[in-house]
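What follows is a group of structures, each given as structure tokens.
Presented sequentially are two complexes of chain A, the first with chain B as partner and the second with chain C.
Moving on, here comes the complex of A and B:
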């Protein structure tokens, strides 16, 4: 081995081993169990072939969880990106207390999702309804998390509130890569702020837009903590996401193998979506 | 990764020559009481050392340890579906002929056999809880109300309270497990526990038998507060403690929590009047904690000795006082004034088990009931129960 390369191997090989032992091996194990009827703790199990996979497609709880998760992920991804881009533009401008505001907006990312969830849970059940009653607004006078049709909005609010922080930082980093001379030139040419945004700012942060879209989508497809803290999947199964279904069915319901099959499919779905998203959005970058 | 972490902190070496007994239990509320009892036991036994293990989310931890074949010597848990599946996996010692069984109320032994569907006794019932209707004695006295003995009286009482502009029941249906409390009282009384034994064999359906249960549960919803699905268990304990509602469909386990919020509240408790023949009504009374011994432990004798110690009237008496539970050992009484109205039922054996102990966890009864109470469609609800049951049975 080349002596100069040795330190690089010292860095890479342990990481690969750790990754394999803690990530790849359990994943392969999960795929193995998805072909059995293992309940997660018994001593015996049998091979059942693709039975779990067939059952998955006939299980409307699974369909329901996919529907909720996708609806949720799309709304959260769009709202997060719009809001965080707006906030990043504001924070990039020459305003007073700029660093103070940057700190404030980043705060939600530091707090644990579960803690944020429990705080909002309290607000939704005890604080907002009282405001609603005092203001005479009927829709707000009960806890929206207790309603089958509205609970998902509550989760969207919390998820967006929290994920905006990270995406704002990424957009801010993108905005700072843009050379000020471009803006000077455009203002000499007489371009308005709106034109400036669409012709200079937005195209130049395209790579950051791509990464933010993919990250926000992936994170919200895997939504779990917020749901545990806010509704635990309820009322009924109205806000049960796929990962929540896998957890409750697999560990609490003792259907380890069945939910392993569900997670295999879920893994494929997320991977395919992320790849498609990157392809599509990167092509957009190159066109510029 | 979980497995690696767990094994490193649960090694059981007998370094000091004593027999090490690991006592694993799932009730965080009971940790301090057990700690004291264990200390007394260890002091009296020079050759045995019992250690308590009470991790958070104990049932899941226990399941992972069973996978690794690292089974604690003694395990305490409720007589739930988890107990039933573990018992069927043959990881517990058969205690049918053990002397430990002799002091236990035979009703509870039968309950265990029904839950597991096995003839062997693999668990020693210890403490039991009850599900019924809690009421605020002060508020009842102010309005001159009597404790309802039948379903019609219950509804009449609720109507009277509602007419006075007060809240009859404080529902806490944001937590889905709270929605199954009326289900657990109505089902076993109106339909019986045998239903579940027949349901397992596909001889009967929810659709045929559970309509009345569903209707009565819906009827109760008329007497709640303005935000029945917006309040959780902890909100309800606080509200009931502060006299916001007259009645609270709840288990005895909530009493210590309610007293924490308001030590002066005067609580009463009556069995759920599910029908109109008061003499037929049974108290829903399930096993809160039972003890099992690992099948492959080399220390069975010592483990039995420790369980025998816990079953001594003095020790179990202390346990049920501190936890507001009832004793599974015959002749040990619960003196707490809040639950005195329930004692005759327990003494006469007019008790019946929780329905959800017989429903596989994967069916997710709680979320089905919660969903039903929201959309109030009885046909749809009963269909879902049958369909989910069949799906789960088919996957096993």
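Moving on, here comes the complex of A and C:
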């Protein structure tokens, strides 16, 4: 028996060691540094207790970053889910070249977020303003990324453009699990399209709705590449996300310990939101 | 009932209009990459009248494209291979023993719980760690990608292995096969469908990743494709045609793979995300 069991243990050893060294240890270190005043280089630092954590709550930059990230994540999650559900319904309907269109709609998901950001950056600064001027729309005739109040909308557009691809394909997979006989039965009963959607389609794809909400929310709470490519957090700090703040403050601003404390809070926030979301949405699945 | 049989032209029209939104940025990328500044001045949108292939030559020169492409390709390929070999093995050991032994069950939750850890929390310490271990290179990048994929991949693999009947392995044991032999000759080949999924997801996320190379890699000869676009951004500012030629070159390898393996990629990503 032991001869059979021993290899199972050996199979896990390399992964456990590497995972501990490169995942658990750094996470523990991050928590450790969050109680010090370490600046990231040299060897000198002191323990400061919860000082970093208290300061976080009084820091306007941190407040801004959390406000921007939440606003961004909620808007992106809602828009992405509405659009991708609509597109999935369209791609599931009787149309010609269905597979061709599915291929096109999924394309944005395979492209580098950073490069897509650079391409849109050019469109926002040089292409859309020309349309705005020709059409006489004031809001469009300047680069919205340069405006403190509008820049975040630009980042939302790029993020939605890209994330709709994945969610559409997942909704499509959900729609294909529904048996056509259900629709036949409901049309015999005289149900309209609207009624059919709310009484059959939507309840049956509830698990896919849960996955898509959680995925879209988690991905957009971690937004980084788009920020770097589109605004670098500006104008001012209007579009600085939490991960961007940790990166710039931690590596370039000498706030190593302080941003470590910020990332501990960030981790707790993401974990709590994900768990609440899953619980709430799964309970909703049962009720339906 | 007739509406269910014929083509729904209204939906068809909307779907076509939607593809314009997807394709417009890509159309702009291709046309700008092929124009020169004079053509741009005439019209930003028009199809280029003369094609300026020399933009690509200059972009290749300026960004050292072949070197960074080789770096990206090497990291991506070795991460995929290492991930398939190692993560499937760990998941196998866990899934076959987690019912009976607390150690494996604990291990499962230990790995899977890392799915909730955002990268920024380990970003700062990992930079110190990798530089002290002299791992700020492609090898380090490969290893880190493999380790950070573990949480999700173990989750997906364990779910799949549970659907493979244990009787197959018991028969092999009776015939005198060792645990290793059983894994490599029976289980690993049976896992091909889920390995394709894991491989595709790993390939996409490794090739397109920007943040990890940004914080780990310091030597310019080791830059990956997204990192090169970032580093050269300042110099492109004066010449958009060159910049877009460079973007297109960096996007092209994945687009080409997608054209050929579209169906597998879509299926793979769907399966991986739903698990």
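One rule holds in what follows: the second predicted complex is superposed on the first by the 269 of 288 C-alpha atoms of A that agree within 3 Å, B and C clash if a C-alpha of one lies under 4 Å from a C-alpha of the other, contacts with A are read in each partner's own complex, and residues count from 1 in each chain.
Basically, contacts are C-beta pairs under 8 Å (C-beta built on N, C-alpha and C of every residue); 3 or more make two chains touch, one makes a residue touch a chain.
Since this is a predicted model, take the numbers as computed values, not measurements.
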Which of chain B and chain C A:266 touches, first, second, both or neither: second
Chain B versus chain C as contact partner of A:22, first or second or both or neither: both
Touching partner for A:33 - first (chain B), second (chain C), both, neither: second
Contacts of A:203 with chain B and chain C, given as first, second, both or neither: neither
Chain B versus chain C as contact partner of A:132, first or second or both or neither: neither
Contacts of A:12 with chain B and chain C, given as first, second, both or neither: second
Of chain B and chain C, the chain that contacts the larger number of chain A residues: C
Chain B versus chain C as contact partner of A:107, first or second or both or neither: second
Touching partner for A:142 - first (chain B), second (chain C), both, neither: first
Doubly contacted residues of chain A, that is, touched by chain B and again by chain C: 22, 26, 40, 126, 251
Of chain A, residues touching chain B in the complex: 22, 26, 37, 39-43, 51-52, 55, 58-59, 61, 121, 124-126, 129, 141-143, 145-148, 231-238, 240, 248-249, 251-255, 258
Chain A contact footprint on chain B (complex, rising order): 1, 60, 63-64, 66-67, 81-82, 85-86, 89-91, 173-176, 226-232, 235, 360-364, 367-368, 370-372, 374-375, 388, 391-392, 394-396
For the chain C and chain A complex, residues of the former touching the latter: 1, 4-8, 11-12, 14-15, 18-19, 21-23, 25-26, 28-29, 32, 44-45, 86-87, 89-90, 92-94, 96-97, 103-104, 107, 110-111, 114, 116-129, 143-144, 146-148, 150, 173, 178-180, 183, 204, 207-208, 210-211, 215, 225-226, 229-230, 233, 240, 243-244, 247, 250-251, 254-255, 258, 262-263, 265-266, 269-270, 273-274
Chain C contact footprint on chain A (complex, rising order): 3-9, 11-12, 14-16, 18-19, 21-23, 25-27, 29-30, 33, 40, 87, 90-91, 93-96, 99, 101-116, 118-120, 122-123, 126-127, 130, 161, 166, 169-170, 173, 183, 187, 208, 211, 215, 221-222, 224-225, 228, 242-243, 246-247, 250-251, 256, 259-260, 263-264, 266-267, 270-271, 274
